Amino acid sequence: MEKENKNIPLVKTKTFINPENEKRSVTAPDGSIIEIDPIKDYFCQDRPKEYKVRSGAVEKFLNWARAESLWVLGFGTGCGSIEIPPLVTPRFDMYRYGVQMRPTPRQSNVFIISGYLSVKTLKRAIRSYEQMPSPKYIIALGSCTINGGMYWDSYNTINRLDHYMPVDVYIAGCMPRPEALLAGFAKLKELIKAGKAEKANEYVRNLDWYKANQKKIIKDWNMPDYNW
Amino acid sequence: MDYSITKFLWTLLGLFIVLNWGMLMSSTMRRIGARVSGRFGIPWYQPWIDLTKLYSLKSQVSHGAMFFLGPVFRLMGGVGIFLFLPIIYGSDHWSNYSFSGDLILILYFQFFGMLGMALGAGEGGHPHSAIGISRGLSQFTTIEVPMTLAVISLAIQYQTLSISDIVAAQQGGFTTWTLWTNPLATAAGMLSLLGAFGHSPFNLVKAPNEIPIGPPTEYHGVFLGVLRTNGAILHVAEAALFMNLFFGGATNWVELIVKTFLIYFWSVFVGTVFPRFRIEQSVRWFLKVPTIIGIIAIIIFL
Amino acid sequence: MEYIILISGFLLVLIGLWGILSQKNLIKIILGFTVFNTGINIVMVTVGYVKGKTAPILDVISPEEALTSIVDPVPQALVLTAIVIGLGVTALMLVYALKLYQDKKTLDINNFKDLKW
Amino acid sequence: MVAPIYIIAVALGLAFLLGLLKSSSTNLGSLLMLAGLAFIAFVSGQWLYEFLINGRATEMIFTAGFKPPFSINLRMGMQEALLTTMINAAGLLSGLYLIDTLKKTGINSMTVLLVFVMSLNVIVMTRDIFNLFVFLEISSIATAGLVLLSSKGNAFQAGMKYLIATGIISGLFLIGIIFSYLYAGSLNIDELNAAHIMDIKGGAIAIFIIYVSVILELKPFPANGWGIDVYTAAKPGFSALISSGTATAGLYVAYKLLPLGGETWLPYFTIIGAITFIGSNLMGTRQQNPNRLLGYSSISQVGLLLMILGLSNQLGDNTLFIAFSILISHYAAKAGLFWLSGIVKSQNLEGWAVLRKQPFMLFLFGTFIFALIGFPPFPSFFGKWQLIMELATQENYLWMTLILTGSFIEAIYLFKWLGFAIKLDVPSNIVMKFEWNKYLPVYLMALTLYVIGFYVSPMVEGGAFINYIPLLFVLALFALDFLPVFVKNTISIAGIIYYMVDLFSQLENDLMRQIFAVIFLGGAVLTLMAGYNKKGTRAGFYPMALMMFAGLTGIIEANSMLEFFFSWEIMTAGSYFLIIRGKRSMPHGYSYMLFSIGGAYALLFGFALAYASGLDTTIAALGHITQLTTLAYTLLAVGFMTKTASLGLHIWLPGAHGEAESDVSPMVSAILLKAGVFGLMLLFLYMGTGTEGGDKLLYVLGWVGALTTLVGNLGAVFQEDAKRLLAYSSIGQLGYILFAVSIMTQLGWLAGFTYTINHFMFKAILFLVIGGIVVKLGTHNMYEMGGMIKKMPFSFIAVLISIIVIGGIPPLSGFAGKWLFYHAIIQKGWYFQGAVIFFAGIIAFLYLFKLIHSVFLGQLKDNHRNMKEISPWILIPSYLLIIGIMIFSAFPQKILQPIGEMLSVYFPESLHWEGTKAYTSLGYWDGTTIMIVVMTAFILLLGWLVLMSKKIKKVEQFNIVYAAERPFRPETTHVSYNIYAGYKKAVGFLVTPVVEIFWDSMSALLFDFAGWLRRIYSGNMQNYALHVVLFIVVFYLIALGGL
């Protein structure tokens, strides 16, 4: 599915570089001068590649394993993040379903965008998402991620999450209760088991479009486009 | 000295059993923990699923060669302890490669994995990794003090450092266990075990929610899978070591399973009751009560 | 009689020493020094003196008599030498006093403590 | 043959002749004066030659044709000839040196100089006590006259003080003479000596007066303020003459008059000598003015010689040898130093750094300093050795202690001075101008020291066997110092390899020495290889390095204690120069030297006790010490422990090793420290077990070793400086070795050997590699490094392997040490020491991780981006050592079994081998199998990971999970500084620098005491006169007043 650029009005954007990240030069021990570009030098500049989606019995089994072992990144974005902690309480006990919290994106598969996403947080959310190993999934929680919800005309939040990040499952409501989240997980599991949750590849495929969208509202990129 | 293929296969089988028992043990412990807080907890087979998933993830980044080798070192640490440990007393098949060294070998082989992990995590470049390692090493220096004292006490008691001989000396019933013949050494050893297993209050290496999650912050996918594999093996192997030293060893797998479970449970039990120490508290604690117990355990033999 | 001279010789030595140790003026110290030297010379002469014998000068008495009648000549010879040396030393001291005076325009020895410790 | 009387005749004649010259014809005058001085030097030299070569009999010269007592007579014997030659040589050279000054001040001063030298000659030769007095006075007057060469105001003051004091003293001397004449009826010294004046009533007073004045002439502490000022104020050229000439003559006077009072008076000489020796040296520690410092040093040396005279009845036949060898060192060194001081023209010690502009003069300066302290190959070394040996046979421990203490205090200020000269910034306001007449005397005096040192060495028992070949090699390298590094390095390595081959043929049956030979010389080759990456000439490095290695070789080769000590001191000197080469090494080289000298004196004391026990000079004498056995062993152990840097004596090491140059650090750490280990092993082998004191000592040393390990390792944990960290680690490792050898079982020693070999290998690697990196990155601070693994992968592997060995992680060879340790400790029953050792062993992981993490892992710093791998010349030796480690790890039995067999001669066998498997009564270990198992398993597991891995994306340093932000800079992301803060909070109290505080307060105490004491030198000439009088009174009260 190819996204089109029409949806977003083209606006000339001016990038902003924090003085801290301006180019600077340092002196090496042997006296030579080294130019440092803090935005580029420290980071891997490569574009991501799509991974191969296999089929067959083994892959089906592995998909089942992926579905039954959902590791959620502990990253709360909006007011919805308050709905996540109850999931580990006896009342909801998401561990039963193989859903666990992980503290680092490197070890997580599932990213719950829990509610409204300010531009500032969006940048962080994108990075965290990009740092997660594939296959990875996004659950968008609450109305704000769908159309901005009560923040639809806010100057500082986004209205449609899937312009910026590929969403697997939307959970509507303001706010959805933990039960809805559990239902969301169930839905996600279904998708994974069916082999339909390959949005990570879609993100890679349409990376330019996503990046263009992201850059339209995020002015101060202080890292390269894609975060490994 | 048996280098035959048969021996190798038996050892591999033993490793497989230990790995699976380790995973089962960990899920059981987590279920117990869940029940304490009124939950169901994970399914008993969750570790296997997690492991499968980790091994089947599709993208992988690496910070460098040492980052890549770190998990291998770590796994080697766990496997090594298993290899050099006579896991079942009186069994040729399950004595593994324990003929190549005695208790000292195992005590020092623990560092193999620690060091490798530390280096691997270090190359990851994440500050939390380094902080976690520095805590882990700091704590480990003091964990080993009561352990060393206990080992010396055992060596005086049994006049041997060979694990098989120590187990042999404990055969003959419940009352001949070190637990009863040398309770102070056992106490020192079991207190040091709390630190070695790294459950609360001594879980400041990974320190969830504080420096999430310490050394393996950058590890993911296959790397994490290797680390988890190691965790399962290591826990059983270490528990088996304590079992051999203090609780009469095991003459069959069932005995091993029961005893290692209880030994491991001891640390989980303490962990569910106490909150986490700060590093200096932990260090001081190990240098106080367990060390004093260890010293007394030696003094009584003087 | 010899004892009186001997004692007075020693007394002079002590007076000289007292002068050296207590006077603040360099010239007075040098005077003390000469007194000290004189005392020593007197002591030396006295030690060599034998009661009732004459000076060891051979043109008055014959050499044969000399052995029994003159006092020991050696101390006298020594004293002569010592007086000469004392003269030399005193002269040098006075030169030094002069130099010191030229340097600092004073003769008070408390002012000459540039070198210490 | 020219009769000695011509010395006087020609000098006096010339003096009068000079007076006739016009005052403007200074050139002619100076020529005449020099000719005169040369002539009298020739006369005395000719006599010396006659006595030495032709064995001529002593000649008496009777003046005026009469025999004593009616005439003055002179004696020209061996001693007189020697001393007058020395005096005249000094006179001639001083005359040459002062020629400009003399020309400026006029002909009269030349006259005075001639008369002065002549008077000293007569003082030496005369056998008439009154004549002695006359010429003493003449020399005093001449001295006072020559002080005026310096036209500074303070020279007048000094001369005045001198005149007043000597006036009092000579007056006193006169009274003494007249009274002794009264009792003995003669002025001839020989007859006076034969007269037994002591037995006559009142005779004691006469003797007392003579002695007190003779001693006062030698400027005893504290009644010597007048003398010091002369040294300070006079022209250095003349001070040299006072120091070398007057002191020589004065001492000979004392020697001549010794029989006058007989043995009952000797102790007073000794006591006064000792007080002077120690007191003056104490004063020296506070001096800032080089001339004044030299003055104190001169007086202290005279005190030492006075002591030796006082001890002459105990030293017996050796008195003259001892006195001469110390005197000649003092003579040449002090003259040389004073002359140098005139060349440098600096009023403070710091200004001497200007010597660095002329390295050869610096070399001479070092020569003089080392000769004064008594380092080999200078005569004073042999003299001091013989002195201490003889004193020990007489059980004169108090004097031994005092002599060594005094010498130590002397070293304190002399080495401070030398350090200033070597390391401080070259002052721009001081210019050293080459004037041949000033430089030549200095050269000659230094040459004298070497020649005489070589000449006297065979006179000491065992000295004939000293192997000078390595030293000649060193000398050759000195000569070749202008060559580029590459050539010199090759020559050095070739020489060492040749010598090693040669050495091995001698050590066929001595495995222990073989092992140490490999460590010392093999290590030398490997560490020298790293030198190939240096450029330029590297002036002075090679002679010094080779000097250290020559010393180390000598230690192995030594059969006698003298050879051992000789080599030990050579090694110390060489290593001192190596260490002090580092940029910021001055204080550390200084403390290294002081600890080394302290240790060397402890060794000397111990050797002396061993010698005294059986008059045996071989090293085997250590095996049967009967005098103060425990003390002897303790002292020897302490002596060796200064080199192994054990607890309490370790504070020099971190700085010395940490600040040394990058390839010097491995030399001094991996190799030099093993000299101490070798010494300890030798000592313990001879000592054996079973003696009560010995066992107690071993027990204490065991604890010391354990605590050293703890302190060293803990110290390393909290270091931020990479090389200091390694240095502290060395302290810890040496603690292990000390502990291991103290166990005194086969297992313990095997552990000791394992640690020794391992430490040699891994510390060489670490210091080489880390040193190379430190140089390359331009910083010592680990927190300023990071991420080097990507730039320097080979270095990383080398360091990784080393730290695996240090940590004792199987399968590498470090584990062998740990395993042996556990078994040894449990067999021996040293449980708690063992627990401390193992605690320390685990602490090692903290610093090892810090080291490798901070340098190689973590974040790469911006300014290190373009770094390349360190020089292959550093990596090659490192990888050769790694091969060694690997072989040792895979086949430990190949090395440990022969060592075990060697040890089974000394200890009951507690370890046996079956194939590759080692058994003790406690357990077993099979290094080879472990290696195979671990390697196989590791490869399989690596295969597993590779198999499971997906396509790996290699990412950059900031591609980390950073709470979804980016790190600001590498510096803020690299966790290294104070990484063990929490640990410090918990156990930081253990690293309170108690030992440093102790030594600091000790030195503060010493300096404060010296500072308090020197207030007696108020500068007031009356006070000084009072001191003289009080000295007489106190001496009288003690000697005759029954006090």
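Think of it as A, B, C and D in the order they're written, each chain with its own count starting at 1.
The rule is simple: a contact is a pair of C-beta atoms (placed from the backbone, for glycine too) under 8 Å apart; a residue touches a chain by one contact, two chains touch by 3 or more.
Computed from a predicted structure; not experimentally measured.
Taking A-B and B-D together, the chain pair joined by more C-beta contacts is B-D.
Remark: subunit A and subunit C have CA centroids separated by 112 Å (rounded to whole angstrom).
Per-chain Cα centroids separate subunit B from subunit C by 98 Å.
Mean C-alpha position of subunit A lies 37 Å from that of subunit B. Separating the CA-averaged centres of subunit B and subunit D is a span of 53 Å.
For subunit A, the set of residues touching two or more other chains reads 51, 104, 106, 228. Among all residues of subunit D, those that touch two or more other chains are 950, 953-955, 957-959, 961. Here the chains touching each other pair up as A-B, A-D, B-D, C-D. Contacts from subunit D toward subunit C in the complex involve residues 130, 134, 137-138, 140-141, 144-145, 148, 153-154, 156-160, 163-164, 167-168, 170-171, 174-175, 177-179, 181-182, 187, 228-229, 232-233, 286, 292, 1014-1015, 1017-1022, 1025-1026, 1029.
Those residues of subunit A that touch subunit D in the complex are listed here as 20, 26-30, 32, 34, 36, 38, 41-44, 46, 51, 75, 104-106, 123-125, 127-128, 131, 222-223, 227-228.
Of all residues in subunit A, only 48, 51-52, 61-62, 65-66, 68-69, 74, 89-90, 93, 95-96, 98, 100, 102-104, 106-107, 109, 133-135, 228 touch subunit B in the complex they form.
Those residues of subunit D lying in contact with subunit B across their complex are 787, 789-790, 793, 796, 800, 803-804, 807-810, 815, 818-819, 822-823, 825-826, 831-832, 834-835, 838-839, 842-843, 845-846, 848-850, 852-853, 856-859, 915, 917, 921-926, 929-930, 932-934, 937-938, 941-942, 944-945, 948-955, 957-962, 973-976, 979-980, 982-983, 985-987. Listed in rising order, the residues of subunit B touching subunit A in the complex are 30, 34, 37-43, 46, 49-50, 52-53, 56-61, 208-209, 212-213, 216-221, 224.
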